[in-house]
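Below is the structure I would like to discuss, written out as structure tokens.
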């Protein structure tokens, strides 16, 4: 039984509650969501989406991916994505997998397997969670803009913020969040 | 399909990222975890615990409970538990269920069912998550004390912070967190 | 002499300086006023209002009510008002009176008497302070909106935010704050 | 009737809720009390002290002084006291009275009279409130130290933090707060 | 060698990282720049301006002035400028020079000389840095307004925020920042 | 003249005032210094060190390096150093230089040359500033520990936090800061 290792892992990920989401912080959102809060919000969205499409996704697997997808940021902080060369991003991915393995070294290997699957992005659940990651982000953009927090208009203009992986559920969710914001997804 | 309702629910729960955990705030922890970050941390702990005891718990069900167990606090804020009479606590529970239903009115009823099961506290998963809720809290106490944040010694003295529901996994986790803090669970 | 008890009471109410006003926090106001700051602001407003109407109110009594009216929130946090059933609100009131008594157990009973009078809401001063509590809130709404903080338009639409208890002073103050905000009180 | 002027004054003093107490901020206390919260806390302490000595002080007058004693800091911020020459402090006092007058220009002159009386420091109430201002400060030092916030030991060493104006009530309160902190007031 | 004195000076100026710029805090900007961050930003601006006009200014001298110009605020906090009488401002200047000398008592007198030169404001570099101090402020106003932070319109209306000392570089920079904000400098 | 480009650069680096120093944030320091405040503090330290050794260093060059050494973090955030493989660090360095060039594209190339020199680390000034970067960090560790902020003991144990490049000035400064903290530099 890996009881001590579970507590060690919990201690290691403790600072995630204070790692700020960089894209919001750098655009003037004060007190932006933490990576931990983002992961909670994404896991809930994933659960609701899978409940709507029970035959298309393994809900349990998808929710697990949402919970762990950013967990290595407890050591790297949230590095804004578009920054850097292809080499930088590849090396960053390797570093992140390394960190993930160290964080959960003693506990059940199930988490590491789930993480690897998410990274490969070749299962329906991995694609779903990658898409929902952006749906969640755009919901936050909508909410922050209602609250007059930050300079966020540009989020609505970039197609890479609306990746639907040709899945109707993602497409519908992006349409819905844009509609509520009085916008249209970019083409 | 309840696509719009999912986005509505996401917007409604948005402020959870800034609701502070009251027990920590009131004892002088600055920038304490939010209820959203707490829920993420608890869901991860639940996942790890269930991975260790795959035959004893329905992991998927337990993780869902962890994700939603405090979600009504987006409207009530985090009201410290020991406060108030039995009548107050009963009325509070009713109010919380009411809020939960309104929050997820249009989406799949699966969430509301899960929430009701957690509230009844009669399944192994509900008991597990109630116990882990306190394990997670004591891990945070340990981490904050290492960081010299707040006046938290009393947390180690109250038996109601160490509810093990006669489950070996909970008992072992409470022992482990106390040991790492150089303490013993109270008897 | 209750010297030690006075210091004990001061220590007990210390965290009030960090209890955030929930209605503002939940609508996206970052760094909202604390309950302590709110109480200071309300006490000043009460003092100014009584100075204008010296024959209508016992200024000293009204100011005391303003100072203590929310003090139990040091244990309950600020629970948003419209939440919950009539039973919940009644039980909440009882709990609050209980807390108040415990907080000031050893000091002069004069505070507890003043608090009880405020709760009964049957004296001119109690009504005045209840009305000014909302005047103060709407001044903060006006100020936060000037500063682009939060999503607060709905405050101007609810009649229960403008309770004048048929008192000309309250009516005039609500008119004045609305006028400065370029609004009209709702009818 | 000075209704508009009252609202104007309330708007002018609005930022007091975010002016940090400088002595704490500069010694590493994060999220220190605001000047507004300090004034609330002092007014409550004044009320309790006067309730214990009903024949010695005009409670109403003393509480008013507590409420307004630092209000000009909404324009100057909290300038740490021991800084500066006698000339600087005299000019600062003049500036502060000037600001006070402008802030409450249109409202009842009663506030300005009370403020002037506090500044002259020749009535029992003015002396009481000046002493309690330090009692309140030392209670906060005690509370912050329990919470491990900041580098505050030196506060216990300076006699000017324990001015008792030869009043038994102040002397007793300083003794009590030091005793609870396991200290002695300096001689 | 004044090695210990250098470390002492660094410890003394440590709190500058948390001294908020008062003008922004008081107008509702949450998490405003610190005086340390302001000084960094001004030093960079000074460096860039001098690089453009290498024959007109001693870059090294000007950058040093930018680095130290507000350093006494680690003891006084940032006192808003327009507040106070001429006497107050003169006494404040004396106090500030006094503090500066004490802060760097043991280290090379070069800093104190540079500070005195800045205070006299009779060299091109001193005038440049005084002008750039306002250019930097107006850049922050522009940035905060883009981010919807605070109530800052009035900054664009006061001529004293646009002091060009008849220097083309200052004039051009004020024109540029106003143009980017869609405004014109006041006349 | 590159006036508009200077303003553009100032706008681009604006968020640096809110980028937190990751090593402190992740170890429980609340409200840690920003990268901008760190750079200001380092530039001052550099200036004092060069004033003590006027024959050994080009003060102006060293101060400029201090001002710009972390400026790319306005886009990458502060990525904790020991994280990642050699490939990751090399790719990160390339990315950072790229960002630096873009940030100051239109302004005088002098800054980019200075930055490149700092990166090569082959001049006395570059080595000095790299060493002082750690001296400044250890001064902050000392200050935060006095203030009971965070869990920072491990900083004193790692030799890589005390790089003296065989320079007496660095060696003496590391000795001095450790002595004031009641510690010894590791060997």
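Letters A, B, C, D, E and F mark the chains in the order given here, with residues in each chain numbered from 1 onward.
Please note the rule applied: a residue touches a chain if its C-beta (ideal position, glycine included) is under 8 Å from a C-beta of that chain, and two chains touch if they have at least 3 such contacts.
All of these numbers come straight from a predicted model, not from anything done at the bench.
Enquirer: Identify the chains in contact with chain B as well as chain E, in label order.
Expert: A, C, D, F
Enquirer: Among the chain pairs E-F, B-C or D-F, which one reproduces the interface of A-E, with more than half of its contact pairs identical by residue number?
Expert: D-F
Enquirer: Given the two chain pairs D-F and A-F, which is bridged by the higher number of C-beta pairs in contact?
Expert: Most C-beta pairs in contact, of the two: A-F.
Enquirer: Counting only C-alpha atoms to place each centre, which chain is farthest from chain F?
Expert: Max centre-to-centre separation from chain F belongs to C.
Enquirer: Indicate the whole-number Å distance between the mean C-alpha point of chain A and the mean C-alpha point of chain C.
Expert: 41
Enquirer: As a quick test, compute the distance in whole Å between the mean CA positions of chain A and chain D.
Expert: Between these chains, centre-to-centre, one finds 48 Å.
Enquirer: Between chain C and chain D, what distance separates the C-alpha centroids? Give it in angstrom.
Expert: Chain C and chain D have C-alpha centres separated by 22 Å.
Enquirer: Using the touch rule from the top of the page, what residues of chain B touch 2 or more other chains?
Expert: Counting only residues that touch two or more other chains, chain B contributes 18, 27-28, 30-31, 143, 148-149.
Enquirer: Looking at which chains touch, is this a line, ring, star, complete or other?
Expert: Topology of the interface graph: other, matching no listed pattern.
Enquirer: Touching pairs of chains, all of them, please.
Expert: A-B, A-C, A-E, A-F, B-C, B-D, B-F, C-D, C-E, D-E, D-F, E-F
Enquirer: Note which residues of chain C are touching chain B in the complex, please.
Expert: 15, 18-20, 22, 25-28, 30, 74-80, 83-85, 87-88, 90-92, 94-95, 98-99
Enquirer: Chain F touches which residues of chain E in the complex?
Expert: 1-4, 6-7, 9-11, 13-14, 16-18, 31, 33-34, 36-41, 43-45, 47-49, 51-52, 59-60, 63-64, 67-68, 71, 107-108, 110-111, 136, 139-140, 142-143, 169, 172-173, 175-177, 180
Enquirer: Flag every residue of chain E that touches chain A in the complex, lowest number first.
Expert: Per the stated touch rule, the residues are 30-31, 143-144, 146-149.
Enquirer: Chain F touches which residues of chain D in the complex?
Expert: For this pair, the touching residues of chain D are 27-31, 148-151.
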